[in-house]
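Structures given as structure tokens follow.
Each of the next two complexes has chain A plus one other chain: chain B in the first, chain C in the second.
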Partner chain A sequence: MEFDFTRFAEQLINGLTVGSFYALIALGYTMVYGVLTMINFAHGEIFMMGAYIGLFSLNRMVDAGLYERSPITAIILTFLAGMAGAALTGVTIERLAYRPLRRAARLAPLISAIGISIFLQEFVRILPAMGEQVMGLRIAGNPIFPPGWQEAVIGVLEDFGGVQVKTYPGIFTTDGFYLGEVYVTYSRVIILVISMLTMVGLWLLVKFSRLGKAMRAVSEDKDVAALMGINVNRVISQTFLIGSALAGLAGVMQGMFYLQIRNTMGFVPGIKAFTAAVLGGIGNIPGAMLGGYTLGLAEVIGIQFLPAIYKDVVAFGLLVLILIFKPTGILGEALTEKKM
Partner chain B sequence: MALLEVNDIHTYYGNIHALKGVSLSVEAGEIVSLIGANGAGKTTTLRTISGLLRPRQGSIKFKGEDLASFPAHDLVYKGISMVPEGRGVFSRLTVQENLEMGAYSRKDNIASDLERIFGIFPRLKERRKQVAGTLSGGEQQMLATGRALMSRPSLLLMDEPSMGLAPILVEGIFDTIQEINQEGTTILLVEQNALMALQVASRGYVLQTGEVVLEDTAENLRKNQMVQNAYLGIQ
Partner chain C sequence: MKIKRYTLFSLLLIVVLLLAACGGNTTDTGDTGNTGDTGNTGDTGNTGNTGDTGDEMMEEDPWGYITFAPGESIKLAVSSALAGGYAVYGQDMVNGVELAIEDFGGELMGFPIIVEAGDDGCEGAPAVTVAEQFSADPAVLGVIGPMCSGSVFPASDIYAGNNVVMITPSSTAVIITARGYQNLFRTVANDDLQAEVTAGFLAEDKGVTTLGIMHDQSLYGEGIAQAISDKFEAGGGTVTAFEGITRGETDYSAVISEVLAGEPEAVYFGGMDAEGALLINQLRAAGFEGIFFGPDGIKSKPTFIDASGGAAEGSFATFGAVAGAVGAEDWATRFAEKYGDPVAYGPGSYDSATIILQAAEKVAFLDADGNLKIPRFALAEMIRATPYEGVTGALQFTETGDLAKVSITVFEVVDGDFIEVKTVDFGE
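Coming up: the complex of A and B.
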């Protein structure tokens, strides 16, 4: 097999792009693990919700003509809406599905998370059908809702979710530039820049802000953190909020740059990002970033030597190897007794 | 009116009746010691006062206010601070960050308090940028104490400050306790090292299987036959 450097370099850039997604999603896993020592297996679905809510908002802005007047504003608002929607989803999940199980056995919140994951996937899929059922309710043969409403509500729900694949408008083209022999699209550059800036921002927040220090304190010892005057439940909510917003950002990027979204889109990236979080050292924030990029690059390097269809085998093979040989991950420290 | 009034509290771990009606009071300016064997309920008493555990029965009043309805994270705003058992420093945070967490409840400038803590514990100043997990046991105790003082508490709860420390360090810790008290902080001290605890305290309570079996001035307790036999190792 002849080594094609140009193609390899393109693959590396591809790996960094995919790695950005893994890293952004992995941060949510690792932050939640940090404060609660649990894996939020519904995190992939929060990513999916971000993509759906982003698209729904974007469609509204297209309808209102805002996108035509000022595309940049509309794009920024789409990102903010997707992030806010994902954040709200994450905070609600924590409040309803995890907090009541805070003192339960370790397996209980995990099962709850898997339940939420299935719930969200199905919720998005059957939402229009559900709306149709509700709007068609009758009392004594008479419809409860006037026919005008029915159409409007079902229209909105169909615009949000449904069985079919949904498609973002093609905003970003495949335009790009040559870096030597290597063609780089602008959209790749945008993904990398947005992701890295966000991660630097997160790192600064965790390192220097009052909230960041409180998060680190809570992740070490909730009782002692409470003695310092930290409202532990509020910090846990805020952790879900930030982690979910990052997943929402990734979700909107997925839609903006790869166009198609569907209700099951969160599953594979969710598991890959979980792998990235474990790879970097679960609970460790720089580890999640490093793990995300490492996994993205490992996949593209792996398929230099294997058929492309083996990409997932490389990723999950890596997960198995880490769990066997270095379960604490690249940057993870040995688990203390307290964490066990 | 006493600064802290604990009246007949009953605390449970699940079905285990850990405190069976503990009552005690601490006057402003005092050092009060709570002594007793392992499992007597000393730590449980402190954790109940600090709000980490809820009594099923009985009341805790601080400055006349009933604390029952306040979660643990509100108490530091009221003026209660705790040095927890096993020190509980945030091992991945630096020394300085640990001290800043101690002042989490305050919005004003903490620079002068940091200087004050570094004055009491110069070792902490040398190691301020170091991660707390790398400190020795004695240094961690200093850090936990300094951190608790950063909130400028009117009542400091200390749980076994001498635990696991070399004898030479233990004396230093008790000197510091007296120093802190002389600067105006009231202290409720839980200790297995009854000898030292009764030397620094003005009054003491003896706890046995979740009940107060004896209370008196520290001086009288030191002379008490039962205390001497059971806790001071004097036959």
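Coming up: the complex of A and C.
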């Protein structure tokens, strides 16, 4: 087979785009693992919630005419709403489902996470039906809620969730430019720029801010950190907040650039991002970024030489190989006995 | 040593459970034997009678009977995706069956009819579990579904083994009816016909000579993609690529780059609407300007056209239909009032349920104790033998359970909706 440079370059850009999503989501896995040594399997669903909350706010802004007047403001507000919604979801999950289990056996929070993951998926799906049931409640034959409410409430809930695939309005077209012979859409450039800026920002935050220092201290040793006057619970909450906001950002981005969102959309990216986090060394923040891009690139480079159905085989094969030779991942340091 | 002890223990456990299960069965038959002593003597009387009166007594049904004691409910079962990404189709099927039962009058010879829905998630393994559950339930009259070919394929083995009648309103894979099951029917055309029409349309009407093919690796998607590939090459065309994508992902641009490397004039996708919408959007973003074509799985306005952000404009899809629909518009209005517009398989499920109920009414009888009895084999044969006119058209089954008469229509997306372009009729 002749080497086709244009196609190779095209695939590199494809890989970087997918890798950006993996990296953004992987950061949440790795940060939570860093402070709690647990895998938050509901993280993919936080990503999904970000996409749904973002779309819901965007629809409100379209209704209010804000989108018409100033699309850029509306888009930025959509991102902020998605991130805030995802962050709130993440922090709530931590408070309700993980904190009570912090002293429990290691597997308990894991099972709790899987439960939350299923709960969120189905919650979004049945929300309109649930609203219909609740609004239709009667006491002694009389409806509890006034008749006008029912339609209003169900209308809002249907706008938020439901069984059907939801669609973001097509804001970004398929327009683009030629980089040499390679066609690059503007949306890809935006995805890359947003992700990379966010990750640099996060890295600076962890490295240089007080919160970052506290997070690193908690991940080193919770008890000693507490003795040093760090409010461990608050740091854990803040970690969830930041990790979930990143997933929310990825969720809104997915909706804006790929248009479709659905309640099961978190599963595959969740698994892939978890893989990326392990690949880069779980618990290590630059590792998660590196792992995300490595996985994205491995997928696209693999299928240039093998049929496309082997894409995941190549990616996971790479994971196995790396873990054989470096069991802690690319950038992972050896875990201490306590962290295990 | 430890492992060995565990193996031994689990083996023991299995044996105990098996024994318990068998014991349960024997006591069960013992029970029915006790209450149904008359039934037993009836049987022996039967053999005695054949000598005397011959034709007067009914012949024993080779598949046995479904028996309902007075007051028991008859269950019409639905196996489909009730949660997850395809739940919207599953709910559509349940709605269709519910409406069919309501229109039938809600009861059969005084026995109430109810819907029993099982979630197979459009996957093989859960469909088998659901099939085992339905087959074990003595009150299940028949099954509507499963929805996806990938679940029908393994589940139908279970239904066939237990002589449970099943009609799928949606599974189109060729292999489904190619296995000689007498309990299995479908109210849609099989994929060979869709492939024939698609390949013919592309080559003759559109003058396409090179085709890139993608599929979603499901039994349905890969099956129809393969059929298209065969027919298109048999017609003298060239297939430039045959690649699979993974369901549930969102960025398919890597696979698309591979497919477009062969510079095909048209791209065919064997799969479902959600992935179809992502693909057409990303194909256009990758600079592809040719024809995009898909099977019935993508023919959905909300989840393909609307979810593609306008990129679906000018795409094509085939859909199998049957001529001679009776009162379809009036039916659609009634359905919409209750459940909202039918999504895809609501009408087919309605017809499937009605076919089973009408056939059951013809073969059902009350025995001496007032029990309702439905002979299983006679039920299947009645379904096969009776022409039916329903909301999806005039349905008549062949020996294999396929439709005798069917037409395939090619649709084009124009101004955000599917417009009929061409219809090909099959059968007499």
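Rule of thumb we're sticking to: the second predicted complex is superposed on the first by the 332 of 340 C-alpha atoms of A that agree within 3 Å, B and C clash if a C-alpha of one lies under 4 Å from a C-alpha of the other, contacts with A are read in each partner's own complex, and residues count from 1 in each chain.
Following the convention adopted for this analysis, a residue touches a chain if its C-beta (ideal position, glycine included) is under 8 Å from a C-beta of that chain, and two chains touch if they have at least 3 such contacts.
No experiment lies behind these values; they were computed from the predicted model shown.
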Clash-or-fit label for the pair chain B, chain C on chain A: fit
Touched partner set for A:229, first chain B, second chain C, both or neither: first
Chain B versus chain C as contact partner of A:308, first or second or both or neither: second
Comparing the two partners chain B and chain C, which touches a greater set of residues in chain A: C
Partner chain in contact with A:216 - chain B first, chain C second, else both or neither: first
Chain B versus chain C as contact partner of A:11, first or second or both or neither: second
Closest Cα approach, chain C to chain B, once both complexes are overlaid on chain A (Å): 31
Residues of chain B defined as touching chain A within the complex: 50-52, 71-77, 81-82, 84, 88, 90-93, 97, 100-102, 104-105, 147, 151
Chain C partner contacts - residues on chain A that touch it in the complex: 4, 7, 10-11, 14-15, 17-18, 21, 121-122, 125, 163-165, 167-170, 174, 176, 183, 185, 187, 254, 258-260, 262-265, 267-269, 299-300, 303-304, 307-309, 311-312
Sites on chain A touched by chain B in the complex: 210, 213-214, 216-217, 220-221, 223-232, 336
Chain C residues within the chain A interface of the complex: 83-85, 87-88, 91, 217, 243-246, 248-251, 253-255, 257-258, 261, 273-274, 277-278, 281-282, 284-287, 302-303, 306-311
